[in-house]
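In what comes next, subunit A is part of two complexes: it sits with subunit B in the first one and with subunit C in the second one.
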Partner chain A sequence: MISLEHYLAVGAVLFGIGLVGFLTRRNFITMFLCAEMMLQGVVVNFLAFGRFHGHLGGQVFGLFIVTVAACEAGLALALFLMLYRRGKSLDSGDWQGIREDGLPPTVDLDPLARPRPEPEDPHLPAAGAKPVSKEEALRV
Partner chain B sequence: MSDPVRLALYALACPLAAALVAALLCGVKSLRHLAHLPAIVGFGGAAVFALMVLSQVLGAEGESVSFVSPSVTWFSAGKFSVSASITVDPLSAVMLATVTFVATWIAIFSAGYMHGDDGFARFFAVMSLFVFSMCVLVLANNFLLLLAGWEGVGVCSYLLVGYYFAKPSAAAAARKAFLVTRLGDVGFVLGIFLFWQIGGYHTDLDKLFDYLAKNPPNPGMLTAACLLLFCGAVGKSAQLPLYVWLPDAMEGPTPVSALIHAATMVTAGVYLLARCASLFVMSPDAQAVVCLIGGLTAALAGFIAVAQTDLKRVLAYSTVSQLGYMFMALGTGGAVSPNLAVAAAIFHLFTHAFFKALLFLGSGSVMHAMGNVIDMRKFGGLRKLMPVTHATFLCGSAALAGLPLLSGFWSKDQILDVLFEARAHGHHYKGLYLFVFATAVLTAALTAFYTFRAYFLTFWGEEKIPHEAGHHAHESPWIMLGPLCVLAVGAVTAGIVVEPFNHGFSGFLAKSPSVRLAVAQAMPGTTDLPHPHFSWVLAGIGTAAAFAGLGLAYSMYRTGTETVPPSLRAAWRLSLDKLYVDELYAALFVKPAELLAVLSRYFDGFLDGFSRVIAAIPRAAGGVLRPLQNGLVQFYALGMVMGLAVFLTVVVFRSGR
Partner chain C sequence: MTLLAITPEGWAGTQILGAAGLAAIGVYQLLPRPGHRSVALGVFLCLAALGIAGAFLFGAFGDPSPDRISSVLFWFFSAGAVGFGTVLVAQSNPARGAMAFAFVVLSTCGLFLLLAAPFLMAATVIIYAGAVIVTFLFLLMLSAAHGPSDENDRTREPLLGSLAGFAFAGLIFFTLFQQASEKVLPTPPLTALDRDELAQVRADLDASLAATDDATFDRHATAAHARLREVIAERPNTSIQRRLRPSLGVGRDADGYPRPVAADPRIERFVEQTDRLYATNSKAEEITLDGNPQVALKAKKDALAKLRDEVAVYSGNGLLPARNVANVGYLLYSEYLLAIEMAGTLLLVATIGAVAIAGRRGVPA
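Take a look at the complex of A and B:
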């Protein structure tokens, strides 16, 4: 028999993993996923209590949280995209601009590896086939 | 055109327009040297209008002559309503004519004297503004308007005394003049307030006088208010406790000394008291104070003038002394018929304007020739070098000394006359009036002595020219000598023409409504006014005093060199050091004020430190907490988690209990 405590335990574990991940990772995407994980832990709690008390309130909350999380995901990913375009980095430690005036920036002793520069997309000729060599390109 | 009030307004407008034009000329470099033209034309126009006013008032019929302009409300608040209106009566007409006439000649003199000076246009702009303010003061029919003119002349005096503002002594003198007169003005303003309160909330002079005549106020209040007004007069007219600014004001250019510090502004106090005679006669105590202060000032300033080595300072102390004479005369109103007191004072004011302006301009002419040296020990024997200046200066000196038949003789005689009569009729203060009379006679002798000492030291003896003069040691140009000659004629004849044989001056002045009112209050029931009478005894005493002073000066100084008998050396020293009044004031008022300022400075620093300490507390607390805002997202998240943990702990433990 799976009792309420089991559900709560799963929810707590999900929340705990998400929390630890949020506090320890610096990649925006990872942090975002961890935050989602914490949310899901909470949703599990709601569902469990809803079921335990025998009414649909918990499920309604759960649906709301999922909806809001979807909106939030859209916004957050858009923001990350903008930040990445500006700084070519998803490291949250690179964005310290909101600290108090006069405080020295926190310097990372073990920075994340810079992402490798992406290979440039080849320019495709109108025909759509990738030219093999320059001469070929000229010919095309 | 025929209305006297309108003519008086034209007379007001002329110097104002001159001031504006001269001020505009300041801004045009190529036209600055023409700035004397608007001033001369403006003053001349004002003088012509003033003479027309005078002739209109002279021709007016009736026992009391007064033309009041329709009143325009200047400002009002509750019961306090101030109207801007001017009044033309014999008193203001005489004063207006004197001011504008003397100002015109002094402006002409200045055109020569100030020629080539850097601030030429500024000088004439401020001078014109001064004449305008003085005319406002004279014509005002309202205490507040009078005060506006009163302060206006004060500001112009400040600007002109500090004309050579790059010179520290001139700047200090200007400041001193302004501050010391301001001390008196505080009393003046308080006096106006007090009269406003006891006088039925009127500030218009004619209404106030009428109200107070019909509703006599509490004598104590009235005396206090009169004395407060007198405070203002003491400051402006350089009387006993506050006379110290006038000698220092000689730092200004000489025409300024002639116009402002001899002929016009300093007589404003005398004019004020004459104007308010109907208030002062109701308070015999205040009158006694006025008379006593006048007598003491006259004697003290006369004594100080005896040993001064600076020609202009001699004349400055002489001015203080002569103003004292006028106050003596004013102080007798009530003990004698007020029309006599006012007539004597204003008559002396009138003649004094001529001969003192003449003497100052003469000293300016000497200064011009001597390369701005004014120390009488450094030059001498200028009789041959400057014949016209010498002759006119002699006329002025003789008039000031009160030699018979000259203008000063007649006016001084009238003052001695009213003082002597006050001794006989003054009910409470017979002894005081006798004392002041004796002082006046003594001062007459002193006046003759120091005047002729200055004259002999400057013009007699061996010719001595300071090396500063260089090639300039010659007679002044005619643009300067012309005004000297005109004023010399005035100094010689102004007295004899207007007063002694027909009592024209005193009779004319008695037509002023304020004087009539004063007479009606002092001697109720009098129908015909007493005329000043000529007393051979008093004239003899005055003449004897004048000749005694003159003779003494001749015997001591005819060689043109300073000689002091050894027995009088101490007194001479005392006079030379101005009785140590400046030092006394410095020790009594200036030093404590400085000490107070230093203490206040420290106290201010203490307060600043205190508030800085208070301000430092939140700053220090902020400094402790600020590193928390380090901009790291994880750190903020950790903060939230820790907060949540604490919160949950509390909740759990509370609910578990």
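Take a look at the complex of A and C:
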């Protein structure tokens, strides 16, 4: 039998991983998804407590959390769209101009890795023409 | 796994600390950053941390029981949720991260189903995996960046961030471990097998209540009593006590049954009732010697009826109403009416706000 502690532990781990992602990642969308993952951990906690107390209140609370998360998703999408239109990027580091007074700016010193060149598309012969095989070419 | 689980009680702190530390270093290795990072080492450390944490949970709170299916499903879904969550955090491509988040949601929905919340599961699948993920994939397509970019391939303070997150999770684990000996949290609800046993006990009790002669009454009452003691003895409790109690020599009562150590007041009442039933039986035998067998049988039946009521109440322990949607709806529109009106208002305001924010066109950069 799985006990209440197991569910609480899973909720805590989900919350912790979401916290790591929210603190470290710089893409707005990834940060948002990590925050949603933290909410999922909280919902697991509520449902587990409701289940083990034999009461439906936990599920009602979970429904309200889902509602608030839906509101949050709509507003966040609108905000990210506006920020993207202004700065042409989803980097939260671009908005450090609104940081607290007196804090030093964060500067990225290490250069980014160079993009790997993509393999070229295979060359195809024109349609209808008979392809010249290697042997024929050698014989000629 | 089992080897890691069988550890002395004092090792719990080491296990938690090890798991949290390994997970923090592993996620630090996995987080995208410009310098050198070892993905293989990160994956290995994360898997090791997951194994140690699972072994700790299994050893500290696990309970061998016949309910195998729900145990296997629980481990499957929780491993899926945690694994895909790590992928979401560590993946530098946000579109792949969004797909990983969809799998996190599906895994948690499996946990919701195990927790008897089918309506919330359906709502979450529709809202998250359906609406939210698809909407954000649209935004990602709109802003698709070619090649490495600042927002995807750099992280802010990766080491400190992962230490903070896993310190949090480790502290929660430690608190759970500490309170396990004080039994603050509610005990697990009865399993389906427990309920079957209790139903048989009730059938025996009913049969003995319907009996008209002493022999039939005694046969059924004895069967019910024996079965009841077995059910009580098998009541789940934390394995910490299970491991400690036998060595202290207090694990068994006078009859040789394992003593139930989970301090559930209902179980205590059970034991009292059964003992009283025995007392009444012996007293009734004395009355029978006096001469009037009908009076004696009635006294016995009265005591047994009380026991049957207790069993009936106890069988419903942890049982959620079967009609989940109907009951959640009833609760929403009776007890939480004000709250749901406010939630509706919040949704409306959020919709208006989203339209107002995103609707502005031609804002200068």
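Simple rule for what comes next: the second predicted complex is superposed on the first by the 104 of 140 C-alpha atoms of A that agree within 3 Å, B and C clash if a C-alpha of one lies under 4 Å from a C-alpha of the other, contacts with A are read in each partner's own complex, and residues count from 1 in each chain.
Just so it is clear, contacts are C-beta pairs under 8 Å (C-beta built on N, C-alpha and C of every residue); 3 or more make two chains touch, one makes a residue touch a chain.
Here the structure is a predicted model, which is why all the values come from computation and not from measurement.
Visitor: Residues of subunit A touched: more by subunit B or subunit C?
Guide: If we count touched residues of subunit A for both partners, the winner is C.
Visitor: Would you sort A:G16 into first (subunit B), second (subunit C), both or neither based on which partner it touches?
Guide: second
Visitor: Once the shared chain is lined up, is A:L90 touching subunit B (first), subunit C (second), both, or neither of them?
Guide: In the superposed model, A:L90 contacts subunit C only, not subunit B.
Visitor: Which partner does A:C71 contact after superposing on A: first (subunit B), second (subunit C), both, neither?
Guide: A:C71: touches subunit C, not subunit B.
Visitor: With the two structures laid over each other on chain A, which partner does A:L63 touch: subunit B (first), subunit C (second), both, or neither?
Guide: A:L63 sits against subunit C, while subunit B stays out of touch.
Visitor: With the two complexes superposed on chain A, say which partner A:T106 touches: subunit B (first), subunit C (second), both, or neither.
Guide: Both: A:T106 reaches subunit B and subunit C.
Visitor: Which partner does A:I98 reach: the first (subunit B), the second (subunit C), both, or neither?
Guide: first
Visitor: Overlap the subunit B and subunit C contact sets on subunit A and report the shared residues.
Guide: 19, 23-24, 26, 92-93, 106
Visitor: Would you pull the subunit A residues touching subunit B in the complex into a rising list?
Guide: Listed in rising order, the residues are 19, 22-24, 26, 31, 92-93, 95-100, 102-103, 105-106.
Visitor: Can you list the residues on subunit A that touch subunit C in the complex?
Guide: Against subunit C, the touching part of subunit A is residues 1-10, 12-21, 23-30, 32-34, 36-37, 40, 43-44, 47-60, 62-64, 66-75, 77-82, 84-94, 106, 108, 110-115.
Visitor: For the complex, give me every residue of subunit C touching subunit A.
Guide: By the definition above, subunit C touches subunit A via 27, 31, 33-35, 53, 57, 60-63, 65, 67, 70-71, 74, 78, 81-82, 85-86, 88-89, 94, 97-98, 101, 104-105, 108, 111-112, 114-117, 119-120, 123-124, 127-128, 131-132, 135-136, 139-140, 142-143, 145-158, 160-162, 164-166, 168-169, 172-173, 176, 180, 185-189, 191, 236, 238, 316-321, 324, 327-328, 331-332, 335-336, 339-340, 343, 346-347, 349-351, 353-355, 357-358, 360, 363, 365.
Visitor: Which residues of subunit B touch subunit A once you look at their complex with the stated criterion?
Guide: 626-627, 629-634, 637-638, 641
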